[in-house]
Structures are given as structure tokens and as C-alpha cells.
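Labels run A, B and C following the written order; every chain starts at residue 1.
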Amino acid sequence: MKLVKLTAILLAITWLAGCSSLGMGKKDTDTTESDVVVEDLSAQSLGVDGENVSGSDLGGAEARVIVGEDAYQGNELNDPASPLSNRIVYFDYDSSSVRIQDQATLTAHAAYLGTHPNVTIRLIGHTDERGSREYNLALGERRALAIRQILMLQGASLEQFQVTSFGEERPAVEGHDEGAWAQNRRVELVYVGR
Amino acid sequence: MKTSWIETIIAGSYALILHIILLALFVIGMESQTPPKLVSQPKVDIVQATVMDEAAILQEVAKQQQLENEKRRLEQERQQQLDKKLAETQQELARTEQEFLDQQQRAELEQKQLELEKQQQQEKIAKLEQERKLQEQKTREAEQHRKQEEEKKQQAEQQRKAEEQRTLEAEQARKIEEEKKQQAEQQRRAEEEKRKLAEADRKAEEQRKAEAEKARKLEEEKKRQAEEARKEEEKRKAEQERKAKIAEADRLLQESLAAEQQEQEERRVAGVVDQYSLMIKQRVKRYWIRPGSAETGLQVTLRVSLLPGGDVKQVTVIKSSGNSVFDRSAESAVYKAAPLPQPTDPKAAAALRDFQFIFKPE
Amino acid sequence: MTKIWLTLIWLLAFLPWQAQAELVIEITGGTEAALPIAIVPFGNTGFAPPEDISHVISNDLARSGRFAPLPQQDLISQPHEKAQINFQDWRLLRSEGLLVGKVDSIDGETYQVQFQLFDVYKAQQLVGKRYQVPASGLRRLAHQIADEVYQALTGEVGVFSTRLAFVTAIKNVDGTKRFALQVSDSDGANPRTVLQSKQPIMSPNWSPDGERLTYVSFENGNAEVFIQEMTSGRRNSVAAFKGLNSAPSWSPDGKKLALTLSKAGNPEIYVLELATGNLARVTHNSQAIDTEAVWMPNGNELVFTSDRGGRPQIYKVPAIGGKAERLTFEGSYNASPDISPDGQMMTMVHVQNGKFYIAVQDLTTGAVHVLTDTGRDESPSFAPNGRMILYATEQKGKGVLAAVSVDGRIHQRLGESGSEVREPAWSPIRK
């Protein structure tokens, strides 16, 4: 059973590699950008109610923070010997390609998600501090999405994921050198309890 | 145009006035000189006069003829007397002869005497004859003379008559002439009036012409004088030029001698000016804080006057950049850079007393 | 008539000759140094006002880099009006401008302030005004007077009375961070927090009327776009879709926001019509990041960052969608564009040898000019007069604000607060 699973995962990774090189590298055409899609999203855009935010006072507005409290579940995840205990994937500068050494970790997480379909995982993308904050925000998202794709290819399903990016806003390490930057270019995998 | 219109009016008025005067004169003249009836019947009078005159002339002629006849009768009488005398003489003569012949018969001794006496008588007779003949001759001559005289007289009379006739005719002619004259006179007066008017016009015209002429002459005189002056000037100039040429030649000679020296001097001054221009430029440039305006291609030209020490007397913008801040930056630079370097050489300093600055970023 | 013309022609023909005969000295270059200006402390009637107006003005002018106020001890006299000025004295100091003024208390709460700016060399007043303001308005008035002086002496609009918006991050004792969106005077002084959050705040952007700010807040765990009114503090979320809601930029007419949304799976540029909530997608490039769009001043085009070519570069696209045109070709990385108010220049983050600099690109010629040298510079934003570029950099490991003139000659540092400062945005000029 385990062997079959492993074979499937390996196959999936091989396929993904091909896919990603195809997808990321080639599809940079903008020939389809001629139409403007107008969507009426007035209802949706008001999804976050301004009145929910306590601050109507100038300067005194204190935004509420509702994220950041992780809920750890199951012994399997907390086993320090398990690759599942590794919840951070690192990236090269301005890259969203998963490095070889992280593939085993991702395989383990994909396997876990596949076997625990009611477990939800949150992928939080980060970048180092260099460059455009907005571009980094998008880059963080891209990194998280890259991880999600790999995990989905190895058995996880779409509804198990939450994807967030903080760009360079929440560095893991304060510092302005490559040592700090390397640790900040990352995607955090956070299991969310249900 | 206006003037001529006024002139026309004035001339017209003159003519009118003159005509009125003329008419008045005419009327007065008529009344004082000739009775009006004479004006209407002079010819009849003349004819009558002529008739009367002819009768007079005929009377005169008759009188003359009477006179002539009287003369002739007197002449005849005188002739008859003369003839009677002659006959008496001849009778005397014949009686004497008879006596002579009777005496011849009476004495023959007396004959001789008688003969002699006869001869003497004869001689006397011959002498008397001769005398008579002479007398006759004389008479004839007198007659001839008288006749000649008569003829002359007749001729004179005829001449006188012709003369008289002529006088008469002349008188007649004179009268006609007089008449004509009077008419002519009238005409002449009218004419005269006209003439006078014309004369007045002419005189005015002449006056004008004269004035024009005078003006023209004055102008000509002026021209002539100008021409003379010009000629004089030309002459003077020519002279001057000639002198100048001489002087020029002289000067050129001097110059060629001084040229090198002067050139050297100029080069030296130019060199000093250049050197100080550069110093001024460097100094002003250092003080020029130009506004870092986004505008490019700005350029301002200033004229600067310096005081002897190099201090700024005046700065004026003579060609603005159109940007007041840029212009002001240049002006301030000049003021701030003062005193500007000034050479001690007076010639070079003079060249650097007033000059221009062009400020441009590049 | 002809004679007059002939005379004129003759004169015209003659004058240049005469001018040529005169020596002409050409001055090129010149220094672009700061303009010396004497700012005499404003006089008062024995009662010291709560703000030192001349000090604020002096600092403003000095900070602009365009002026060099004379040191206080060099001021030979302290005139407060024209009658007291001996211009010759000030000429010796080689100061081009002389600012004098008076502050008189009217009733303890209201002040009458007057100022006069003189051209020292011409002994001419360039500008002079009188105001009546409450004590609380003295500082703002000082900035306004600085604007007057700046404009009179440089010919350009001053921006001292504008405001800055920026984000600060303060580390708490427990290691967590507290984020704040702040608005300050143009000199960084008088900062007021308009939003505080435990979660990051990003990308503040002013409405064209200067009355509202739009920004990105993570307060709900994800990047969402908000609009907040300055005077009332009222705020509401305008974009909170799945995925990123980011990089808001106000259109020049104030009616629309350009946004980056990844709700379709990939970051794309959208235009949100504020009155109707209508959303129009502008870019369609499913594999590339398209973000941080800004409007061209004409309101018809958007300039944005995209890595569709493999690396982040700057592109231009019609605001109603269409073919995008690449603008940057120099360097492997160009991002965070901002367009000058006249539409002629673009500033951006430009990478050279792995270092991040602020650069300007002439949009007509394409020429790029790098303005900064720290190598860790980001978030450039044009001053409303187009003369300066405000940006964030690092000093002693901490984020600070700085500004550089468009020609790169003048550099200034802003905001000496203890917090980490980032993402500055210069407000429009107050009308």
C-alpha cells in the first residue's frame, strides 16, 4: 500500500516538474488581453463590513487581528522525526520553484493531506525585503500557490487549502543580509483545525 | 479753387462796376456834347449844309466871274485908251508932217534947212517910232506879263477853287470823320473800359506773373547760389580731398611705421582684456547659483557697468530669458561677485568698464 | 513712413554691430548650490508665540536643499520690516534673499503674522503677506510662508504645506509588531496616526483632493483594500476578494481605483468604479504577476509592474484594457512606478548589480537616470510639484524616509522618529 502510494507520488512529481517548466516558462503571452471583463461585484466587495472595524476615530482605529493562532492536531504532525514536522519551504531569490531538498517534505505533507481529507492547511507566502513590496506580495502568493499545486498533484484536494501572502511584511528574521533574506523567502504550511 | 472762385466774384464785380461807370459816363457825355436831336438827324443837316455850301460856292463863282468881267472891261478900257493915245500920236505925227511939207514949198534955201529939219524930223520920228515900238514892246510885254499874271491868277483861282472844293470835301469828310470819330470815341471808350478791365485783369495777371517771375527768379537765384555754393563746396572738397590724400599718404607712411608698434600694443591690451575677462568669468561663475529649474535652454543677457574699483555700478537685463527667477539669479551673481577683477592698464580697464554677460546653463 | 522704416532698419542693423563691439563674457554652468537666504527671527511684541515660525520656515527651506539659510550668529541685524533694513549690510553677507516678519498676539489665541521677502541686491520686495491665524495654525502657516518664499525665489510651486502618509512598524517588547498608518507635515513633523493594526498595512495612496487615503490592510488575515476619510476617520473595505486585494491607486479624477486582484487565480490589474462598484479587468496574463498599477495624469492609461517577460519590468496599458507596451529595458528589475504630475517622467525601483536604487526615466526619450546610492531604496513617490521624489530607504538597519530631487542633486532625510518608516506617499497640493 505504502509502496503504491510512493510510486504514485514520484510519478506525480515527475509530471509536475515537466508541467511547471512548461507552464511557468512559456505562458507569458498577452495576446488574450484585449477584452475587458466587467464584473458586478458590489455585493462581494462589501464583504468586509466597514462598521465591523471598531475604529471610526481618526488615529485611534485599532484593526482587529484574527489570524496567527495555529491549531496543531494529531501526533503524526508533531512527531519531530517525521518530515511533517518541517512546515517551512524556502525559495531562491525571486523564485517560486521548489528546491530538490524540500520535495520529500512536500511529499509527506501531500500524503498526510490525502489521507486526512478533512484537514485544512494554510499556505502563507513570504519574500525577503528587497524590491517592490507589492511585487513581493504577489511573489509570496505565487510561492504559496506553487506549493499548493505540488501538494494537490500528490493527493491533496483544492478545498483543503487556504492561500495567503504577506510578501515582505512579516519577515521571519530581522536583518538586511543574505542570511536573513534566505530565511525570509519562504512558504509556511499551517494546519488549521476544523 | 476757393481763391479763383473769389477772384471770379471780384472780377465780375469789377466788370459790373466798370460797366455801370461807363454807361453813366456815356450818358453824361451824350447830354453835354450832343443834343439828342443831333443824334437822330445829323445826315440831313449834313446834306442841307452841303446844299447851302454849294449855293455859296456858286455865288462865289458868279462873284468871281463878275470880278473877272470887270477886270476884263477895265483892261479893254485901258486898251482903248492906249489905242486912242496911239491914234492921237499918229494924228499929231501926220499934222506935223503936213506942216513940214507946207514949209518945204515955201523956201528952197530953206529947203535944205528944211531937209535937214526934215531929216531931223525923220530922225525924230524914227526915234519916236522906235520909242513907240519899244513902248509897244513894253506894252506887249506887259500884256504878256498881265496875261501871264492873269493866267497865273486864273490858275490860282482854279487852284483856290479846287482847294476850296477840297476844303469843302475835306470839311464834309472831316465831319463824317468827326461823326465816326465820335462813334469811334464811344466805341473806343467802351473799348477803353473793356481794355481797362482787361488791363486790370492783365495787370493782375501780370502782377501775378511778375510775382511768379520774381519768385522764379528768386528761386533761380537761390539755385544759382546753391549751385555756386555746391561748386564752391566741391571745389573745397576736392581741395580738401587733395589735401587729405596728401595727408593720408603722409599718414599711411606714418601708420606703416606706427602700425607694427600699435598692433603690438593692441595685442598686449587684448591679451590683458582676455586675461581679465577670464578672471571675471571665473569669479562670476563661482557666484552664480542658477535655479535648478526644469526649464532648459534659458539664456539671459545683461549689460554691466563697473565703477573704477570694479564695483558694480549698474546691471540691466537687455535680453531676458523669460524666466524672472533665472534672470535674477544672473543679476545677483554679478552683484555678489563684485568687486570684479580690474586690470591696472588703463586701456584694458576701459574695455572692461562696460560689457555684457550671457548667462546660460550649458 | 518709408523713411521711418528705413531708419528703424538702419538702427536694427546697427545695434547688433554696436553690441558686438562691446565685450561679451559668457557664463556657462554656474553652480547649483543652495541659494543663500537670510531669515531673520520674526519679531514679536514681548509675548513669545507657541511656534517659532521663522525656525520652521528656515528648516523647510534648508531641507529642500535649494536654500542655505545664513546661520543665526551671522545675522548682522534683526530688522522686522523694510524701514529697518540696511541692504548694503546684507549684500556683504552675499545673501540673495532676506526674509523678515512679525508675529503679534491679538488676544492670546489669535495671532497676526506678516512677512516680507526682499531681493537684497535690488532692495526690492519680492513678496509680502499678512495673516490672522489661531495658535494651532501657526505651524501650518509657517509652511505656507515657506511655500511663498520658495516660489518667489525658485519660480516653482512649494510643497512645504503638503502632507505625507507613511507606514510605521514598531516592535513590541514581546517581539511582535505594531503597524500604523500615519500622516505628517511635509517635514515629517507633527505625525498623526490614522490607523493602527497588529497586522501589516501597505501601500497608502492619496485621493486627488487630499481628503481620503486608500491602503492595504491585513487586519482580516488577508490583503484587503480600504478607503479612509481623513477628517472623519470613517473607513470601509472596497476590495476583499479571495486571494490578493492590493496596490490601490486613485485615478486622477478621483472616481476610480486601479487594483491588483488575484481572485481569478493570478494577480491581475482591475479598475474599480467607486460609485457603482463596477470592476473591470485590465490585464489577462494567467502566468505572470501584474501589479502596482498607477495612472498616467491623462487618466487613460495605467503603468504597472509585470514579470510577463520573465523578470519584473514596467509596462503601460490602456485603462480600459488592451495591448500592454513595455517601458523599461534597462536593468533586470524595474518596479514600483510613479508618474510625475506632468506625465513626462517616471520614477521606479531600479536594480543594478543586485542593489535597489531609485531611478527616473524620461518617458519621451527613455533615458534612465539613477538618483540614489544606498542600494536599499524603494517606494518612490513624486512630490506634487514634480521636483522631488520621496522614497523609503534604510539607515542603520532601520527604514527611514528620504527625498531626492528629480535631477539627483538634492538629497534630504525626513522624519527622525524612532520607528521604522516605510511606504511614503506625498499628498497633493492643498487647493
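The definition used in the following text is that contacts are C-beta pairs under 8 Å (C-beta built on N, C-alpha and C of every residue); 3 or more make two chains touch, one makes a residue touch a chain.
As the structure is a prediction and not an experimental result, all values here were calculated from the model.
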Arrangement of touching chains [line / ring / star / complete / other]: line
Chain whose mean Cα position lies farthest from subunit B: A
Chain centre separation (subunit B, subunit C; CA means) in Å: 105
CA centroid of subunit A to CA centroid of subunit C, Å: 37
Inter-centroid spacing, subunit B versus subunit A (mean Cα positions, whole Å): 137
Of all residues in subunit A, the ones touching two or more other chains: none
Contact set on subunit C toward subunit A in their complex: 192-200, 202-203, 217-224, 226, 228, 230-241, 243-244, 246-247, 260, 262, 265, 267, 272, 276-289, 291-292, 305, 307-312, 317, 320-324, 333, 335-336, 349, 351, 356, 376, 378-379, 394, 397, 422-423
Of all residues in subunit A, those that touch subunit C in their complex: 23-24, 26-30, 32-42, 44-50, 53, 55-67, 94, 130-135, 137-139, 141-142, 145, 163-167, 169-170, 176
Footprint of subunit B on subunit C - complex, ascending: 19, 22-36, 66, 91, 94, 96, 119-122, 153-156, 386-387, 405-407, 409-410
Subunit C-facing residues of subunit B, complex: 273, 277, 280-281, 284-294, 303, 323-326, 328-333, 335-336, 351-352, 354-362
